[in-house]
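Both of the next two complexes hold subunit A, though its partner changes from subunit B to subunit C.
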Partner chain A sequence: MSNILDIKELSVAYHTEDGTVYALNNIDLELEDGETLGLVGETGAGKTTLAKSIMRLLPVPPAKIEYGDIIFSGENITDMDDEEIRAIRGNKISMIFQDPMSALNPVLTVGEQIKEAILAHNNISEDEAWSKSLEMLETVGITKNRARDYPHQFSGGMKQRVVIAMALACNPQILLADEPTTALDVTIQAQVLAMMRGLKEKFNTATILITHDLGIVAQMCEKVAIIYAGEIVEVGNVHDIFKNTAHPYTKGLLEAIPSIYADCKRLKPIDGLMPDPTIRHEGCAFSERCIYCDDICIHNQPPAVQSVGTDHKVRCWKPLCSTLS
Partner chain B sequence: MINMFSRKIGKERLNRVRSPLEQAASQFKKNKMAVIGLVIIIVLFAVAFFTIIIDFVTNDYIYNNYVINQNLVLRLAPPSASHIFGCDEFGRDLFMRILWGTKYSLFIGIGAILLAMFIGMPIGMVAGYYGGRTDNVIMRLMDVILAVPSMLLAMAIIAALGTSTVNLLIAMSVANIARFSRIARASVMTVKDNEFIEAARAIGANDMEILVKYIFPNAFSPNLVQFTLGIGNSILLVAGLSYLGLGVQPPSPEWGGNPYNSKNIYEGRMAYFSISRYVSCYICRRFQYAWRRAEGCNGSQAEKVGSEFIV
Partner chain C sequence: MANKEILLKIVNLKKYFDTPYGPLHAVDDLTFDINKGETLGVVGESGCGKSTLGRCILQLIKPTSGEIYFEGSDVLKCSRPELKMLRTKMQIIFQDPYSSLNPRMTVAQAIQAPLLLQGLYSKHDTASINTRVDELMDLVGLAKRFVNSYPHELDGGRRQRIGIARALALNPKFIVCDEPVSALDVSIQAQILNLMQDLQADLGLTYLFITHDLSVVKHISDNIVVMYLGQFVERGSSESIFRNPSHPYTRALLSAIPIPDPDIRQKEVILKGELCSPINVGNGCRFAKRCPEAKDECFACDLSVVEVEHGHFVSCKKFM
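Here is the complex of A and B:
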């Protein structure tokens, strides 16, 4: 299968009055057609910045793509002008936002909003667009007769369904889901995820699922990328990441999940905080918190992502399962 | 059996969805002051429309013979059964002049504010939406307008353009543009950072669509409040300009022109003219108070907004 999205050495910085924030550093990422990639990392790691760079939704200024390319089916998104990127947004690449409560326009009915998304990219009549938007509502499990209701008349889970319907209205090739279930409670979360999975199979949309919930990743994704302090520290298929964990940070994340089998009284957190993103670190970004940290880690950048197995890459001086390579 | 019956009714009532208009109407009816305000406004509009229709039907016969026709026999006549407000120094019936003057005050007042809103609001929205240099240039221009008191600015514009009703309208709307653009700018700035604006951008909407369909409806209500405030102010402004001889020209019976014509003679009876203006301003104020109540403010909040408007 071919790569539908190729991100090469992407670096994004926010130039603020208080200094430059290096949000993304040398991100390399590939997404295949129809694949689901989980993007995992803690708050502030740069997950949303990455998604917004792909959509070119970053506020410019202060944000700036310093260098690197985002190649979407042969075209470089970073070079596009406003007109070209608008033709892609919502049409070829669309995004689901974190908080469905605020992602819908309160003064438009939900049917109208989906219609807007359809009309933005298809040269069809209002009536056709309306019937298509009703169809989309049915697809996400909302009955037609609620199309003329306003967002405040829906519950959180229903709103997220509407947001998903909006995102999928033009049958995009890539769907960026930015923590689609973080704002929902667990039962609704399960419903929405099951629905997303069904829709993904139906439309064969490549998905980047941004989350900090490894449970969701295990359930939904084929491939996982772990992001830390604006760098991708480990990427591989979901089985490798969970079983042959190579990066100490990934290991830390996995150990921080409470197990229902093991009889442990306390969670095992990763000590420390993420490094200050305004300071360019000399060595490995994770070195301060890493229990395997050595002199080489503190003073030298870890080698650019190296393979430790098929399709399994890690950016570390001392990968935990280097023997596999 | 009875129980079942009543449950059925209850269910039907629940299923009936009230339209937004019905909901607004029922909210409005609960507010007695609002209803009173609305009734008075309707009366004023009715008076204005009827005078226009009467003029049209009678081919200005009544206007010529009872409103502007001078009758020196009745000069300074006291109030009587046939002339309930008395007559002015040219023997014209004051009650008729007040009735016929309603349309000038009302329509010029509303027209000028509408014009100001239609020009000022888009300017402010563009400034607020794009920010940065665009914002700076536009708002500094608006500051220039704001730096001059609206009365003075209107006088200067009329002095430059000449006295006519159209020029009066232009002068008054220019004086109000800056207010609308400031308010529109501020409300756009609070709305534009919402996630649904970003979501709109993510579905591929362009700036124009975002401004018109997503920002405007969410940022409009402060402008509506300013609109209701502005009507009262601009009625006063028309009256003030007419009083100075820069507004509606005599012999047209404008409310401000009436006291001007007779300012030297009527010391005691000034009250009549003033009262008519006070009443209409008070009505506007009640209306806007009611509007705030209908928008969901509690009484004291709504009163607070109303009190900004100095009658």
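Here is the complex of A and C:
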């Protein structure tokens, strides 16, 4: 299969008065057509910076793409001028934000907002755009007669449906979903996730699902990338990540979640905190918190992602499963 | 495990908020006990009244009616000075460590504030105050070097540790924990949950643990109350509720949690609709509109509580 998105050695830094924050370091990531990739990491790991880099929504300055390429169907997004990126943003690549309460314009009806997105990218009449907008609302399970309602008249789950309708209105090739259900209750989250699965079958949009919930990843994604302190530490298909875990950080994350299926008296947290992103580390970024850490880990950058299986790569001196040569 | 001592007893607690559209039933007729040294988990969706319940117990909100007994005395009949004394025994940890700390107070100032407010130490006795602050920081695992830091310099996990240190400052017996870990990352969440369990064991604390996360509640609670629109739908021991979830709502909540295992596919018991308005709730089962098993009678009848197992109560027509 062909890659619709190819991120190569991407490094992004924020230059602030208090120093330079190295938000992304040497990210390599591929997304195949029609695939759902889960991007997992803690607060401050760089998940949202990565999504915003792809959308070219980074605030420049202070942010700067220091190095690397983002290739979207043959074209390098990092080189595009404003006009070129505007033709892609919201059209071929669109984004769902975490908080539906603040992603919608409070003074426009939801139908108008979806119509606006459609008109921005399609050369069609207002009426056509309006009927397309109603159609999108029905697709996400909202009846047509609510199109003239304002965002405050909708509940959180319904608002997120509107945001999803807007993101899919131009039939994008890539959907970036940044924690789409974090602000929702579990039962509503289940509804929205089920709907997203249905839409996936219908539109076959390649999706990057950003989340910190490993349960959602296991249920929604085919491929998973684990990001820590601005680096992808492990990437592979969902089965390998959960069952054949290679990176100590991934293992730590999996063990830290309390389970409703297992009885355990005590959780196993990952000790310590994520390192300060303003300081470049000599060795592995995770070494301070890693129980397998050794001298080599503290003083030397781990080898660039090595293969531990088919499409399963890890960036670690001491991967937990054996490497393929 | 005989002779459990009841620390907190809630009887027919109600809190209605007046709104222009009618009374909002935030907490509607709850009755339960919490034993000394145990944790009662309160689970439910946003808007089901979990936080209102916690705040009513601490008298941060005045309940509409009902009785709250703490160590046998009725909290609602306390005079203001008595209430102030009582507050040394009952404390709260808030959900959001980003907004529950004063941004202009250093860690030390935040932790000593309750000590000074209660007049336990004289303002001039800095040596004793500092010793107590050190002790508390040590207890919650905050390094001494943060003593003069401001909240914005610290991450969420450390901020929540300050929140816990503050709550512990007066040596309370009972702490309402209002979603203490939901703003934290999983790896940090596990650190804080372990800390809270250790503190409970060491200091003999009793918790009312409010959360929307069933896996957290299972992990930390001895007993669980599942709430829906101000009422409890199911309560019992943690073991019994997870082994034999009986109310359709509890089962729906459980089935809605994404399973962190790609080999197990989620069962699709998806609840239709959303929490309806807690204003003008009317008769019948409040969950009936969303219940996959609802029958006509559910909308009309008065519900009573049924004991399905020893100490495991369900409020559902199906069991009556």
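Note that the second predicted complex is superposed on the first by the 321 of 325 C-alpha atoms of A that agree within 3 Å, B and C clash if a C-alpha of one lies under 4 Å from a C-alpha of the other, contacts with A are read in each partner's own complex, and residues count from 1 in each chain.
Keep this in mind: a residue touches a chain if its C-beta (ideal position, glycine included) is under 8 Å from a C-beta of that chain, and two chains touch if they have at least 3 such contacts.
Since we're looking at a predicted model, the values are computed, not measured.
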Joint occupancy of subunit A by subunit B and subunit C, clash or fit: fit
Touched partner set for A:L267, first subunit B, second subunit C, both or neither: second
Subunit B versus subunit C as contact partner of A:A120, first or second or both or neither: first
Subunit C, subunit A and subunit B - angle at the middle CA centre, rounded to the nearest 10 degrees: 80
Subunit B versus subunit C as contact partner of A:H152, first or second or both or neither: neither
Subunit B versus subunit C, judged by how many residues of subunit A each one touches: C
Touched partner set for A:H239, first subunit B, second subunit C, both or neither: second
Touched partner set for A:V186, first subunit B, second subunit C, both or neither: second
First (subunit B), second (subunit C), both or neither touched by A:R86: first
Which superposed partner A:D213 touches (first subunit B, second subunit C, both, neither): second
Closest Cα approach, subunit C to subunit B, once both complexes are overlaid on chain A (Å): 12
Footprint overlap on subunit A, comparing subunit B with subunit C: none
Footprint of subunit C on subunit A - complex, ascending: 42-43, 155, 157-158, 185-191, 193-194, 212-220, 238-239, 242-243, 252-254, 256-261, 264, 266-271, 273
Of all residues in subunit B, those that touch subunit A in their complex: 194-196, 198-206, 209, 213-214, 217-218
For the subunit A and subunit B complex, residues of the former touching the latter: 55, 57, 86-91, 94-95, 97-99, 102-108, 116-117, 120-121, 163, 166-167, 169
Footprint of subunit A on subunit C - complex, ascending: 45-46, 155-157, 185-191, 193-194, 197, 212, 214-216, 218-219, 242, 252-263, 265-266, 268, 270-271, 274-275
